[in-house]
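Two complexes follow with subunit A in common, the first pairing it with subunit B and the second with subunit C.
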Partner chain A sequence: MSEQAFPKAAEADVALLLEGTFPYVSGGVSSWVNQIIRAFPHIRFALVFLGSRRSDYGEPRYALPDNVVHLETHFMHDDLGRHGIEVAPRAGNMEAFARVVALHEAFRQKGTPDLSAFEALASELMPGGSLTSEDFLHSEQAWGFISANYRRFCTDPSFVDYFWTVRIMHLPLWMLARVAKELIPVRALHTISTGYAGFLGALLARSRGIPLILSEHGIYTKERKIDLYQSEWIRDNRNVFQKDSTELSYFRTMWIHFFEWLGRMCYDAADPIIALYENNRLRQVADGARAERTFNIPNGVAIGRLSALRAKRADHIPPVLCLIGRVVPIKDVKTFIRAMRILLNRMPEAEGWIAGPEDEDPGYARECRELAEGLGLGDRFRFLGFQKIDELMPKIGITVLSSISEALPLVILEGYAAGVPALATDVGSCRQLVYGLGEEDRALGAAGRVVGIADPQAFAEAAIELLQPDNWHAAQAAGIARVEKYYADYMMFDRYREVYDRALTAPVASAAEAAPLRCPVHRKEGG
Partner chain B sequence: MSQLKLACLALLFELSAGLQLLVSRSQSDLLFVSFLLTHLLASAVLASLVLLSLHGRVPGSRRRTWLFIFSLSGFIPVLGMVGVLLGLVCLPLLPAPGSRSRFHSLSLPALDPHEYQQTGAFRQAGLGQFLRNDRAPVEQRLRALVGLQNAPARFSSPLLRDLLSASSEDLRLLAYGMLETREKRLNTEIHTWRLAWQDAGSETARRAAARRLSALYWETIYQELAQGDLRRHAAEESLRFLEASLEDADASLHLRHGRLLHELGRNEAAEAAYRRAIELGLPAPRVNPYLAELAFLRRDFAEVRRLLMSLREYPDQRRLEPVLRFWSEA
Partner chain C sequence: MAGIGFELRKLLRKDTLLGLLQAYAYAGVIGSGPWILSIVGILAIGLLSHAVVVPGVQITQFQVSVTWLIASSLILTGAVQLAFTRFISDRLFEHRDELVFSGLNGVLMLTALVAGGLGVVLALTLFSGMGVVYRLLMLSGFVLLCCIWITTILLSGLKRYGAIVALYAGGYAVVVVGALLARPWGLEGLLAGFVLGQFLLFFGMWLLVVWHFRSPQFVSFEFTRIETLYPSLMAIGFFYNLGVWADKFIFWFFPDTSSAIIGPLRASVIYDLPVFMAYLFIIPGMAVFLVRIETDFVEYYDRFYDAVRSGGSLAYIETMRDEMVYAIRQGLLEIAKIQTLALLVALVAGPAALRALGISELYLSLFYIQTVGASLQVGLLALLNVFFYLDQRRIVLMLTLCFALANFLLTLVTLRLGAGWYGYGYCAATLLTLVLGLYLLDHKLDHLEYETFMLQ
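Here is the complex of A and B:
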């Protein structure tokens, strides 16, 4: 489907704010979005897709359901320089920058921050506001603010790097403000992550006075931290005398704080804030979400469709371990590859498959292929690319997940429903999915094995143990029982029906309640 | 008085002195005295002008400089004054006085915040214990963990691996990121050299690539990155490439050969490789501890003692001192 053929509408019921996921990227979150849209055919959805560059994505991976009445795509790195920013020196609005200063001071406060300055700034960022991107890029006020902050806080010697880091970091916010201004009228907002999509949600909620629902799968801020801890593009210009070996580089810290604050602004505007399981809910609260707005709705899968796949299985247990997921660092595919080397030493008939797209991080995918080659796995290890679950599940013995971070992986549930036990690392809710959560759940038995992260030896040994027929059959039975009892999709849909009903029947906040349109100072003056 | 006025005055005096001689036809002494006084007055003004123009370019006493120019202009007829005037005209062409500038007072420089860390450095003593302490604040443990970046990989890798099971997710993820970065560097280099080894155009290039590959696989063992069966795999690969490139004269390669065979449990071959390393000149303190380990595995404790006691002859055995003391008392 070309972008010109995307549906357009004058209004919709719910705007789904999607960052780097449905419909362009396949994976657990995208499948979930697809499930949710199709589960509520009476709701008219407007999709706002936020991506990095157009060239990073191919064609949409999902057919759009009929109730998607509007789809718009925005590519942040492509769009940054597009909108005719006038390059001319300017003074900048002193009041607007005073609010920027107040907001940054609020960020530095310990405890619960006062984000009223953000409320005041939300609409000023939009085209026609008093804090435009031109002001940010070319005004004397912006220069003064950036250079003063550099002098006060920056521990990296390079002002040039600091200056450009600040510009690159903040510029997408104006692009999002423009998206917020131009979005068609909707009655409610639903963002699937914090980050840029969450910030867009906060902007829209603040400026239009409509409810914002946040459903977080992974914790966005945590995942960005993982990327930032491992990234090699962030410079540290301190010399040996300036460097404190226990300090992260200033720019790395700056990026981490930036995403933390995007998250806080989203949490501040969203109600309800939904997590997939309890640990993630606690993490949301620790990161600034108000506890009374949070609750859990676990994922669910279509039991009827997937259970039919059990009949297609062969009589014997295929010695095939399959990682179903994107080939990206967070999945720690390398640990699976290393584990396969150990497994093949002891079970030469075993096979390792990776079923998932490799185009999201081609550099990492290349490293994985090189590692598999370097370990001499040969034809016992295969990169299959994207595969249909229904065709794949009957052929595999164990669904593996070697991730360093997960939430509540759909692929484990899909495996259970199709009669395939799981071997997973001890991240997210994997332990809960494999061994059960409460007393009753635990009584169903272990539906696989859980091992520590980045431990190929333990991973391989657990796989050998699980492939023993007695263990495998017991795990298969436990998995089927668990998914049917606790993780059926209709349970999830019932909970979301309540969430949408509440959001769509909520009265639109009046201009006074919407608050963001005026700064707190003016509000006081107005009585 | 400005320099221009002084110049005009000097010129005026000198012209009047000349005019006195040209206009008057008398040859009286009075006329000569009048000319001389007017000329000397012109020379004095000229000397003052030159001194002003010099702006301290000439080192030493200003009075002597003035007297010198005055004498030059006053007592060398015609040429003296012309020379001084010529010098005055050429003065701007001389090097600028800045090259001889004096010291100036400067205000105190402002404190450069980049030189100042806002938080104190973590004390590295007991780092391992601190990191493993689940009751210590996570923020401080994170800082301590970042501090491990500069520690030798051989010592920090086991600690990082321990932290992969830490209760704090942030700690786990940071430790994972640090280990992953190390493994990634080595794996990338291994892949590059594997390609070089496959595509080598000559036997020399092939041997060089094999030697490098052996060193890289050995590094994954030395840095404690490869564990369990993967450690064995790395040892086998390192040994394979080492044996393909082993040069008989290289003592350090024979030592690594011994260590790889030792790692793989081929103890007799390992001992032969260690002995070959000693024959090729490697000092006993570098090899005897491994030979002693092999002797220990054979339960040949007398040989263990003999090998270790032989190290007493060598200075600076501080790291081995507790072992030597134990075996000397045994």
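Here is the complex of A and C:
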């Protein structure tokens, strides 16, 4: 679909703010977005997709539902490569930069942050404001601020790396301010993560006085931290004497703080703040969300369609462990492969499958194939590529997840509904899904097993135990009971219907309430 | 002059008095450049043939003809010299060495065409009263000189300083000897000797390029493509040369100070010789300038940009900036010191020199003030060089424009004020441009880190 073919509208009901997900990237969150949009055909959605660079994405992976009336895409790191344009020196607005200084001072204070400086600045970022991206990039004020902060805080010697980290990190904010200014009129905002999309949500909510709904699947800040730990591209220029291995490189710390603050700004503006499960809600509160705005809405699956698959199952338990997911490091596929080696030594008839695309991280996928080959798994271990759930589920004995990070994985619920127990690592909501959350839920029994992360031995032993027919049948029954009682899609839709109804009927905030965002000069006029 | 620093540092690293002397001598010869050699050559012919060429007026006619050739060819090719050198160094950076030879041939062909065309037109109009042989010799001399300036600046861009100086020495030896041998034929004989020497000089330099940059392609006009043209460099070269000659032209055309020498060519006996002599006194300043700027300054300049690119701390970057400033300050200070010494020598030797040349001692003060002006011009050159390193072409253009304009206007003013003021126009113009340049440099260096990082 070319950009000209994107649907465009003059206004819409709900703007979905999507960072690096639907409709360009497939995965759990994207499926969920697809599910939600299709569940509310009477709501007209406007989609705002935020990506890193245009070249990082191919064609959309999902067909757009009919009630998507508007789609726009923005790429935050596309304008970084401008070269050879002659730039004239400029002074920069002293008052605006004084407020930038105040905001950064507020960031450094311990305890409850005072975000009033942000409110005063947010509108100045927009086109026509007093803090333009040109000022950020080229003004003497900005230079003074950047070099002063480098001198005061930076523990990494390389100034050029510090300088570019600051630039690359902040530049998207101005693009987002422009997007916020130019977005078509909508009645409510719904962001699916904090981060840049959440920041855009905060900008829009503050400047237009419309409600912002935040649904967090993973915890953006935490996932970003994992990315940042793993990324090689963040430079660390300390030499062997300066380096303390317990101390993160300064630039990593900068990125982490940056995303934490984007998150705070989003939490500050959003109501309600929805988590998928209890642990994440607590984490949101710890990260600065006001507890009274938070609650959980778990994912749900289509019980009716999936329960029909139970009839297709063979009488015996297939000794097949299947990991349904993308072949990427966060899924820690290698632990699954190692566990299969241990399992096969004890149960030669067992099989391991991986059902999911390998194109996201081809290097990692190749390593996984080499590992499986190196461990001599032969035809007992298969990379199936993308598979249809409905055809796959009846053939497998256990759905497994060896991830080092998960939110509320749909595949476990889909497995339950189709009569397949789960074996998962103790991440995200997996413990809640397998053993139950409250008293009542726990009474339903264990729908599988949970083991520690990166522990192939424990993983293999749990699989052997779960494949014992008695254990397996008990787990299957517990899974079916749990998914039907707590995780049916209609329950999720009902909850979101309430959320949307409240947001769409909310009175548009009066001008007085939106006032903090207006120009301070005019504010004085208004008294 | 990039690259000369390497040779100089090699000599300085010997850390001996001899090494030091060698470095300064080397820098002096190279820095003062080919056109000082030309002046020496012309003066030498004049002095040597003074007694033997009859009538004596023919020597003056010869000298004036050659001076006009040099001035006009320098201004005409000024537009090409810097821009073409930049084109070649960009191509060398891309490892397209074959374009040195074919590109040079291309630019020489174009130059010869333009200079030749212009020359023919002038020969048929302004010079129509002159003899055919004279006109032919002048035409070929003009085209040859244009080609020589371009080849010279190319070779100095390629760091062949030693070869340039040797070829110039050889070329002008032929000019002097040839002129002396051909003096029975009068003006035409002297000119023929000049043209022969220039031809050998040009041919030698051209062979040097052929030798080092053999190329399957003989000629290329790639430098005329719009994206490889540097209009600012073309303008800089043109205005700088115009500025250097502006006061001389005015003196040549002002009735009180000049006389018609041959055909349309005029000269100012009272102005020209003191001026050319004054230029001889800047050789020590040029030497100091090259040694200081091309070694100390460039060293910290390199370290500054290395630190910027490869992750130095801001404190280190600033230290390197400060060292650059210090090197420039030291360089200018040393130029000032050595030129003060040169000025003292001029004061002492001046009266005798003018007497020997048969010029009234009334013009001593003109000679002194010209020496001051020329000394200031060394400082200006040093400054322009620093700006070129910082790639501040816009500032250089502004300064050269200012220099040309100021020299033109102020010289006109001094002509009105009277003979006592002669020379002050040129001197004030260089001083004004130098002060303006220093002010701009001060500001530029103050904001160097800001501009390096924030204006990208």
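Please note the rule applied: the second predicted complex is superposed on the first by the 501 of 527 C-alpha atoms of A that agree within 3 Å, B and C clash if a C-alpha of one lies under 4 Å from a C-alpha of the other, contacts with A are read in each partner's own complex, and residues count from 1 in each chain.
Following the convention adopted for this analysis, contacts are C-beta pairs under 8 Å (C-beta built on N, C-alpha and C of every residue); 3 or more make two chains touch, one makes a residue touch a chain.
The structure presented is a predicted model; accordingly, all values stated were derived computationally and were not measured.
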| item | value |
| --- | --- |
| Which of subunit B and subunit C A:87 touches, first, second, both or neither | second |
| Partner chain(s) touched by A:454 [first = subunit B, second = subunit C, both, neither] | first |
| Partner chain in contact with A:140 - subunit B first, subunit C second, else both or neither | second |
| Touched partner set for A:10, first subunit B, second subunit C, both or neither | neither |
| Touch count on subunit A, higher of subunit B and subunit C | B |
| Partner chain in contact with A:161 - subunit B first, subunit C second, else both or neither | second |
| Contacts of A:151 with subunit B and subunit C, given as first, second, both or neither | both |
| Doubly contacted subunit A residues - partners subunit C and subunit B | 151, 157 |
| List of subunit A residues in touch with subunit C within their complex | 83, 86-89, 137-140, 142-143, 147, 150-151, 157-161, 163, 235, 237 |
| Of subunit C, residues touching subunit A in the complex | 308-315, 317, 447, 449-451, 453-456 |
| List of subunit B residues in touch with subunit A within their complex | 113-119, 121-122, 143-144, 146-147, 149-150, 161, 164-165, 169-170, 172-174, 176-181, 183-184, 187-188, 190-191, 194, 227-230, 233 |
| Subunit A - residues contacting subunit B, complex | 151-157, 222, 225-226, 229-230, 232, 238, 241-242, 244-248, 329, 332, 334, 338, 341-342, 345, 367, 370-371, 373-375, 404-405, 452-457, 460 |
